[in-house]
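What follows is a group of structures, each given as structure tokens.
Okay, so chain A shows up in both of these, paired with chain B first and chain C after.
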Partner chain A sequence: MKQFGALLRKDNQPVRYLVVDDSVFARKNLIKMIEMFGGELAGEAGDGLTAIAEYNRIKPDIVLMDITMPQMEGIESVERIVRQHADARIVMVSSVGYQENILAALQKGAKHFVQKPVKPEVLYEILRYVLSDDPNGAGAPVALAGESRS
Partner chain B sequence: MRMELIQPFINAADAVFAESLQAPTKIVDVEMDEDAYRRKGVAALILIKGDIEGRVILDLSPEVAVKVASVLAGTEMEASEQVVRETVCELANMVIGNSVTLLNDQGFHFKVFPPEVHMNEAGLAGSADTEALVICIETPCGEIFLNIAMRYLHRRAERSAVPALD
Partner chain C sequence: MSRNSDDRNSELRALFFESAAELLQSLNEAGLQLEARPSDEEVIRRVRRVVHTLKGDSAACGLHKLSELAHELEDVLTPEVARVHGADLPEVVLTAADSIGAMLSAYQKNAKPPAMHKLHAMIRRLLDTPGSTASSSSEAAQKPAHFAWTEYEQLMISEAVHRGDAVYNIALRIDPNSLMRAAAFQLIRNVLHGSGTVIALRPEDNVAAATVEVVEAALASTQSQEKLFHRCRIPSIVSEVHIERVTPSQMPEHELLGDMLEAQAAKVVAGSLEHAESDRTSKSPKPGSAAVAVAESTLRVDATRIDAVMNLVGELIIGKSMLHRTLAEFDKQHARDPVRGKLADAMAFQARILDELHKCVLKIRMVPVEQLFRRFPRIVRDVAKQCGKDVALEVSGQNTDLDKGILDALAEPLMHLVRNAVDHGVGSADERLAVGKPARGTVYLNAYHQGTQVVIEVRDDGRGIDLALLRARAVEKGIIKAEEAQRLSDQDALNLIFESGFSTAAEVTEVSGRGIGMDVVRTVMDRLKGTVHVTSQKGRGTTFQLRAPLTLASIQTLLFRVGGRLFAVPLSSVVEITRIADHEIHKVDQREVLRLRDQILTLVRLNHLSRLRSVDSPNAKKRNFVVVIGASEKRFGLVVDSLVGEEELVIKALPGEIVTTDLVSGASILGDGTVVLILNVPAILSRLSRATPLGAIA
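For the complex of A and B:
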């Protein structure tokens, strides 16, 4: 199995993730990957509405958000989270990856998009990129320790 | 049967199974089916309506579903109706999502309905007016079947009148 260097916050703590997907398997798969990247699962949600509540409760460093979900879809959830937390870092994770969908998610404030089935090396590079966007400095999750290696 | 409409589903299924199960897959059988669909195991039916219309059925045995679930979850899963149902839905969503991406980027617009899972003894109603292509894909977990019936609803030149995919 491919080994990955740990993605850490600037304070050298593990990056805290909120994983949002209505599929238990998709969540388990993503959780497995973030553990491979040295991250910490801060919370899980199975729909967009719960994701908003969980975001407010745990203030994660990164959200991995599905698009098609019951109750509230991912793109609407992104819009509401970003309205309250302009610095939210949200990566969309969906099997539907056509341009209109990606554009809609980015316009609502998502930072990036990854298509399912998710390849660990692709997600890793996207997280590196998203975490490198440091808005304020202290305490922000930006530092990367280690490099990807086979 | 328009192969340009079917091919994206075959390509997506092949890629999704190989990537999800981390092993090569092989198409072992392709046949035309003009009769009502006879389910082979647990099936997820997905309807598509718009510039093109039709349905895709993803079908696998409960035993194969549990093996797939264990690979997807990265841990041994116990057989249960919920596990089987979730697995079939997740696979169907990934295959359809990737196919829709390919078709949408070619300019087709349509709505995809959420998967309907069929597990009980009652079979799936066939589509009497549409012939279907049945594909058997061999994976490390066992055989997975795709039954695809797809047709153009409008000529492509007329499709600007059709609401966009949501």
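For the complex of A and C:
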């Protein structure tokens, strides 16, 4: 089993995640990975609408968001979250067939995307990249702290 | 998956079969729904979503056969396919549900999943339709040309470098394993835009990105090169990063950017003009003409669409004043409510944006007067030839912008004026030489902005208008009486040429002088809420000045009440407002006049002029407001009961059958729904100068 260096916040606390997917299985899969990366599951949502509510409630450091969901699709959810929280870090999770949607999500402010099936080492790198983006310097509470890999 | 612990795998597998059973159930339900409503796109989307989830989950679990099947199935679950094969699609979905069920139970028993030939064939049949051929357009991949920026981009880079900005040329190789090129490109774009100012980018859009391997950009950034390098190494997207800083020595010093832009803009304008011209002369403009090539960034839009936008903006402005009124009421009722301030702020913000929007839309409608002026060289030449004269045309102020609608309306009056100038204004060569002028006459066309008006002048260096002849002709035609003719001031006499049925040319010529031209000029200018003004010096020439508002859409007005009714006059025609007592009004020649700072001002009462029903007698009041209104150099005082205020009005045209008087040029609606009539100042003036003195004599 592969070891990943823990992804931590600047204050050495675990990174807090919100996992959004209508498939329970997909969520569990992602949560397993998050835990491998030393993260903390702050919340889960099965649709875009709940995702928005959860985001507002828990203010996670990272959102992993599926693109196709009932009630509200990922794109709209991204748009709404980013509109309210410009600093939101959302990583889209989707399969190759949904390029158009990924494109739209990126235009709405998603930070990155990862293809299904998600490989832990790919997701790890992506999260590391997204977390290290700290355009406002000290302004953002989240940035990468501990790194065991380089 | 193999890297993870076995524990985790088996746990995930169990979870997968659990959720897969649910998905299968949904798929069956959705399949039945689809059978009932084959073309319902929402149902198709639902099926697709279920299949999609199944695909993702099974792939994650390593069940590739199932994942592939789901993937194939997903491809046919589109509204397009449903339209072509409406009845077949539900059948496929239900068959697929059965097949997936069979595969799942096989997987669960760790058995080899059954082959699904029948289903695969069905899916293929749906895809192999003549209409939906697979997109096999594999464009030749672009060669990675290193930082081949256009001249314009180079200029921008050079500008930035010389300004002291750090500019980097960046080349990013898209990870060959990345299957979503367009999304990858979008992400690169996001990152670049987040790191500084992107001056140039190749490819330029997502469509082109599908086949591209290397993204090139010129980026002005305050971040360090090292930081940029890290930002650009986007995991799973970018496999290779190359960054070099652009040094000032690499970039030659260019001319000022402003000059360049101006030249560019001039080119575009020239292009669009040429385009418009070719449109007028031939209905089918030649493709590939130079104009088309230059005016790439110019859109040609149906004028009615712009008018529609204009109208909506007009409605918004009404809405704005509606809000303002409501806010004012709110202010009165809840003077201490803190919400008031917030509302006012929000209103101010909205008003500012609306103002900008309004200006933008107005600008869209603006065209340079050149569009109109361009046709005159030819007209002057033709008319001069017919009259046997030598006349040159000098044009200036072609770049003056004005509303397209007004420009079009001005075409006819201007045509008359120019023809007249050549035909009547400029004398024959012999005549000119006799008075010491060059044989060649000149007609000048000029345009410029003045306040909120545009002025167009037609001037000739001809013989000028003979006032004595003019008076004589007016009497002869029965337009005025002989004794009246002598009383007329020179300017009033000059204005006689605008009376209908008047022409001073001794002979009616083929070109002009039918005696209708000048009349038309004034009619059109009245309609445009503009004015026409003529000055003439005998032997020196004549000048016609057309003044029109920059736009017809909205005007700043002064609102006032007369006889209980609300009226408006254009603010631009208001000279001053004064208060007078009744005893200051004198009667001269049956006219009410007022002595205002040693000037005699004719007073007008709206309820006298038109047959407005007088609700209450204004004479009963001790003091009245007088609004002094001026058009051209004429003035009159409008007696009003009360002043309401200034307001920007959006003019709504009034159909002729509703309004029979020419004293009203249009109407508007206030925020509270009140209808306001907008007075036609020139019409009142002409009514004044005609009706009252004639009435006094008769």
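Rule of thumb we're sticking to: the second predicted complex is superposed on the first by the 130 of 150 C-alpha atoms of A that agree within 3 Å, B and C clash if a C-alpha of one lies under 4 Å from a C-alpha of the other, contacts with A are read in each partner's own complex, and residues count from 1 in each chain.
Convention: contacts are C-beta pairs under 8 Å (C-beta built on N, C-alpha and C of every residue); 3 or more make two chains touch, one makes a residue touch a chain.
Note that this is a predicted model, so its numbers are computed, not measured.
Participant: Applying the touch criterion given at the start, work out whether A:K116 contacts chain B, chain C, both or neither, answering first, second, both or neither.
Facilitator: So A:K116 meets both chain B and chain C here.
Participant: Comparing chain C with chain B, which touches more residues belonging to chain A?
Facilitator: C
Participant: Have a look at where A:Q3 lands relative to chain B and chain C in the superposition and call it first, second, both or neither.
Facilitator: The answer is neither, since A:Q3 touches no partner chain.
Participant: Is A:K32 contacted by the first partner chain B, the second partner chain C, both or neither?
Facilitator: After superposition on chain A, A:K32 lies in contact with both partners, chain B and chain C.
Participant: Between chain B and chain C, whom does A:I126 touch in the aligned arrangement: first, second, both, or neither?
Facilitator: second
Participant: Does the superposition put A:L103 against chain B (first), chain C (second), both, or neither?
Facilitator: second
Participant: Just chain B (first), just chain C (second), both, or neither: which does A:T68 touch?
Facilitator: both
Participant: Need the overlap of the two footprints on chain A, from chain B and from chain C, as residue ranges.
Facilitator: Chain A residues touching both partners: 23-26, 28-29, 32, 68, 95-99, 115-117.
Participant: Could you please specify the touching residues of chain A with respect to chain B in the complex?
Facilitator: 23-26, 28-29, 32, 68, 94-100, 115-117, 119
Participant: Please output the residues of chain A touching chain C within their complex, sorted ascending.
Facilitator: Interface residues on the chain A side: 1-2, 22-26, 28-29, 32, 68-70, 95-99, 102-103, 106-107, 111-118, 120, 122, 125-126, 128-129, 132-133, 135.
Participant: Would you tell me which residues of chain B are touching chain A in their complex?
Facilitator: Its residues touching chain A are 16, 19-20, 69, 72-75, 86-87, 89-90, 93-98, 100-101, 104-105, 112, 114, 164-165.
Participant: Which residues of chain C touch chain A in their complex?
Facilitator: Chain C residues touching chain A: 3-5, 8, 12, 15-16, 18-20, 23, 46, 48-49, 52-53, 55-57, 59-60, 71, 74-75, 179-180, 182-183, 186-187, 190, 194, 206, 230-231, 233-237.
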